[in-house]
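Below you will find the structure I want to go over with you.
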Amino acid sequence: MTVSIGLLGAGRIGKVHAEAIATNRDAKLTAVFDPVVDAAAAIAQNAGARQAPIDDILADPAIDAVIIATPTDLHADQIEAAAQAGKAIFCEKPIDLDTERVRSCLDVVARGNARLMIGFNRRFDPHIAELRGQIDRGAVGDVELAQITSRDPAPPPEAYVRRSGGIFRDMMIHDFDMARFLLDEEIVEVSATGSVLFEQMIGDAGDFDTATATLRSETGRICVITNSRRATYGYDQRIEVHGSKGLAAIDNTRATNVMVADGSGYRTEPLLPFFMERYLDAYKRELAVFVDALTNSAPLSPNGMDGLRALEIADAAEESARTSRKVTIQSR
Amino acid sequence: MTVSIGLLGAGRIGKVHAEAIATNRDAKLTAVFDPVVDAAAAIAQNAGARQAPIDDILADPAIDAVIIATPTDLHADQIEAAAQAGKAIFCEKPIDLDTERVRSCLDVVARGNARLMIGFNRRFDPHIAELRGQIDRGAVGDVELAQITSRDPAPPPEAYVRRSGGIFRDMMIHDFDMARFLLDEEIVEVSATGSVLFEQMIGDAGDFDTATATLRSETGRICVITNSRRATYGYDQRIEVHGSKGLAAIDNTRATNVMVADGSGYRTEPLLPFFMERYLDAYKRELAVFVDALTNSAPLSPNGMDGLRALEIADAAEESARTSRKVTIQSR
Amino acid sequence: MTVSIGLLGAGRIGKVHAEAIATNRDAKLTAVFDPVVDAAAAIAQNAGARQAPIDDILADPAIDAVIIATPTDLHADQIEAAAQAGKAIFCEKPIDLDTERVRSCLDVVARGNARLMIGFNRRFDPHIAELRGQIDRGAVGDVELAQITSRDPAPPPEAYVRRSGGIFRDMMIHDFDMARFLLDEEIVEVSATGSVLFEQMIGDAGDFDTATATLRSETGRICVITNSRRATYGYDQRIEVHGSKGLAAIDNTRATNVMVADGSGYRTEPLLPFFMERYLDAYKRELAVFVDALTNSAPLSPNGMDGLRALEIADAAEESARTSRKVTIQSR
Amino acid sequence: MTVSIGLLGAGRIGKVHAEAIATNRDAKLTAVFDPVVDAAAAIAQNAGARQAPIDDILADPAIDAVIIATPTDLHADQIEAAAQAGKAIFCEKPIDLDTERVRSCLDVVARGNARLMIGFNRRFDPHIAELRGQIDRGAVGDVELAQITSRDPAPPPEAYVRRSGGIFRDMMIHDFDMARFLLDEEIVEVSATGSVLFEQMIGDAGDFDTATATLRSETGRICVITNSRRATYGYDQRIEVHGSKGLAAIDNTRATNVMVADGSGYRTEPLLPFFMERYLDAYKRELAVFVDALTNSAPLSPNGMDGLRALEIADAAEESARTSRKVTIQSR
């Protein structure tokens, strides 16, 4: 069986998904929507798909699933519409920047028995998946402490910053999902710190360019996260997980491993530039997992609740960074 | 323009080329030949190509190029037939195990003004290509000494060994091409050593399981190569190039960079298992270079003369390993 | 000139200092005191020094300096006595577990114009000193964020834990000094978290076996520290410093760099076991700096104020870990 | 018991031995000879030893052993004199550049039942000793192939080159000893190559600046060695040993492991500059092994025969590099 997919949104991340579909033998891109007609047309033509309005896509019984890759403020409405249309749904994170809106959206999904997967792509990165596999196979014993370093190569444009929801909801939310994925427990307390150290535009927008958070789980497991909107040496993505038996960690990746040595020392090249390069395989494997789960009627993961939980942690981090308090999360 | 390709040979390496074509927007697999009908059919069906006898493929004016991925002893005849049919030709190494046959074949190619590229895939590996790029950009200055380590994970089957032409012509020939590629000079003297240290079957076939060669170029540049038919820790592929200004080197690659530490120390996973995994990108880039050159009427490289030169070095190494002499190469 | 030294305390760390003196051409161990006569005798005999009561040592005009390596609760009294006797003083950290006592002690030192150096040995480690040197030479630009990982190989004995002052004052205090050393600014806010995850004895003593702290400096620079009382793979000591131009970091060290590869992967040995091995060179260089400064009448660093500042941060961390608040430090 | 030592030769390597003695509790430097009186005086004064003519040293019954660190052409005569005087002898490599002279010298040593150790310092390097230990403990199984890379930072002065005996006898001889140490078999065949690629002065002296050798042992084990008189990035010393079960290797060492990353990539510092820094610990451990063996009447190793064997391999390499032949070694 081939899963027929409608793509909502033909921007940067929409293109990534279209390419993932193109390399997947069990999936087919059937229709594409984007208000920017040229963007939609380019993807559609490449894939042999049609351009269509959202309503047509949702109404087409031949389309099994939609991928929502539109701006964040449209996600919740589109999820609800797709759920009511009986489509399986893959939606980029976050569902919404407001947890109440997320909850009401998830209620609609639940009432419609709709299937929803959220795009926390890093879970599907081969390195991170193997790290999780090592933990599952007992390499570190009982997990005690995780350390996550995430640094973007350069600040996003001001327009992006202003509607991003802030560094915790926009950037560190990936790390919050990683914390839950790796600690295997819910987070109950968050302490966060933010600074404006190098990009006044970010400060003017009321946001931080550098931030850290310390998360505590139900049984006292700890996750420490550091974020920066700049890393001159590339997209820095490292994780280490300590446990009763030892340590498991992933390091950064490079385009090539060429090393050059001379009188100034030994040099290797900078890291891969950004998430498109670093997580290319992750996006393909994420799509494959989505398609496989649909084909086999298996549960989708990460799901809407995972999206909600990460956002709750982001809200708590934001509050902690703005006050002198650690913030407790009341899970519901 | 899309380059229409006929594939001769649907075995392991034929499949690799078919997949490389599938991911190339400028190429199209049109026809496949293999005496094993099922193998040809599987590839043809996947690609939307037809199965056809070789003669039909060579006679089809809509086919621009052939990829020869048949057993070695068929290469020279098929190259000649394709050259006479006016096709561009990509042929897996070696052209033949006999240098006289190679020369007569290249004469036919030359007389027909045919275009021929030889499958020394490693030149297209991103790591090795960047190593070459660093040398081109002067990172090591004048090249003086190269060291190449190539170790297969495990010995091939006896049948393969017996018709392989020996470790120098079958395995180390890739390293001989690398030596020419990296030293940028012709090799004039070869000293080689072979031993049977772990696989009596290889010794019984009159071959070596472990071998080394030291090559000297016209101006005294040196390349030292070590080969083994076994490496318990994966497919070992390393190169270092020393020059007047310093050193450039490539290291091995792994599926993931996960590291685990405990009381027994720090561990990383074994290397990629074999050439299919290690040089996957190289095969794709090799096909792309072939297709680009055809599209742009650019010269093909490596070409038939590169194939001949590597074989001459292999012959010299074989002779040196069987005697107490270093062997001089008379380039023609 | 040779600096004549009296050593107070012949325990584990006293022995380290005695050995550092033995390898220093400009220093001489003249007298040793320890209530455990055998311990003092062993060191004295090795060094050709005499055993003597503290009063005799302080009264001996031929002795230039004392090294205080006694239990923490004796430090402040002995510093005061040595200051009044006109000796230069090297004292192991901390001066006292109580900041008020530290302040009154430093008053005595100041009134006596005594010279006091505090044993933050890590500043003298060659790796950390070179890291600091890279920062001084501008390699990372303006410092923004430091990350420090310190993990002891195994929990100390219960008796030690109970009088240690807790993980923040006993163990993380070294990292607090590192934070000041690397951020080059005073810390104004601390948020800390502690857990009991693997050693109930530590929990029973009211302490944490795992702890983290996030420090903020005056201008918003951030330092994130993680500590654990256990690391199965050796004594884990890593630092990274991020700035406007890039990153500088130190990695762990091993006794040898032997690597073994086989079917299970690549292995290197565990880290050096503990601080005696890891910071052996640091202790020698620390002593040399102390002796040089005395010889050249140069200022001693780190001094008593550095000891006080680190303790203030530790107090703040302890308070933060026990409450739901970040704690502000009022520097005086 | 303390071993009383007389030092012959107060040059660079003599100073290294004097310092090794100074840090050894079981050894004492009693007397020093050097025709350069100031050099001898400096060492003697530092150690509390006396300056003395060689005859006095050999005649002094209180002196147990001599360390011969004089120019090579004096070694054999001094070994013989010391042997006849009943002293235990540590002599820097080589015993002589002429194998016949070495043999006659070893005859004198044997007739006098004298004890003689040769200064192949690398065997005592902690990294190499652990590599040997891993092999002994079976980590690589049966040894099959060793690869040794040795590169000096810069060419020696012309005067040194002219009386050095050539790169094989002066520099690669250390690697020949390593080959025997690691392969654990005698070498029976040598093929070598030399080039003059960057230092005409060396070529004018009839020597090579770059050289390689391939050694074969009795059972076909292979060792490949590459040497260069220049490495811009420091003193390059690497070894890998392959066997039936896997690979064991040592990498280079650095003064510090500080890493700096920015837009140009990741950088670590150059290697340690030369053998004085790289093998400092090896010299100390070598001296300790010599002293221990004397104290415990244990056999000395490496001994005179090890010195002879390495020289025979060097002679064979020299001959092979000058001809078109591999050279067989007739062990006697």
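Labels A, B, C and D are assigned to the chains in the order they are written; within every chain, residues are numbered from 1.
In this text, a contact is a pair of C-beta atoms (placed from the backbone, for glycine too) under 8 Å apart; a residue touches a chain by one contact, two chains touch by 3 or more.
This structure is a prediction, so every number in the text was calculated from the model and none was measured.
Looking for a copy of the B-D interface in A-C, C-D or A-B, one arrives at A-C, which has over half of the same contact pairs by residue number. Looking at A-C and B-C, the interface holding more C-beta pairs in contact is that of A-C.
Ranked by how far their CA centres sit from the centre of chain D, the chains are topped by A. Rounded to whole angstrom, the centroid-to-centroid distance between chain A and chain C, based on C-alpha atoms, equals 41 Å. If each chain is reduced to the centroid of its CA atoms, chain B and chain C end up 58 Å from each other. Across the assembly, chain D contributes 232-233, 245-247, 261-263, 269 as residues in contact with two or more other chains.
Residue ranges on chain B touching chain C, taken from their complex, read 232-233, 261-270. Here chain C touches chain D in the complex through residues 23, 126-127, 130-131, 134, 139-140, 245-251, 253, 255-263, 269, going by the rule given at the top. By the touch rule above, chain B contacts chain D in their complex via residues 142, 144-145, 147, 149, 151, 189, 191, 193, 195-198, 210, 212, 214, 216, 219-222, 224, 226, 228, 231-233, 236, 242, 244-247, 324-326, 328.
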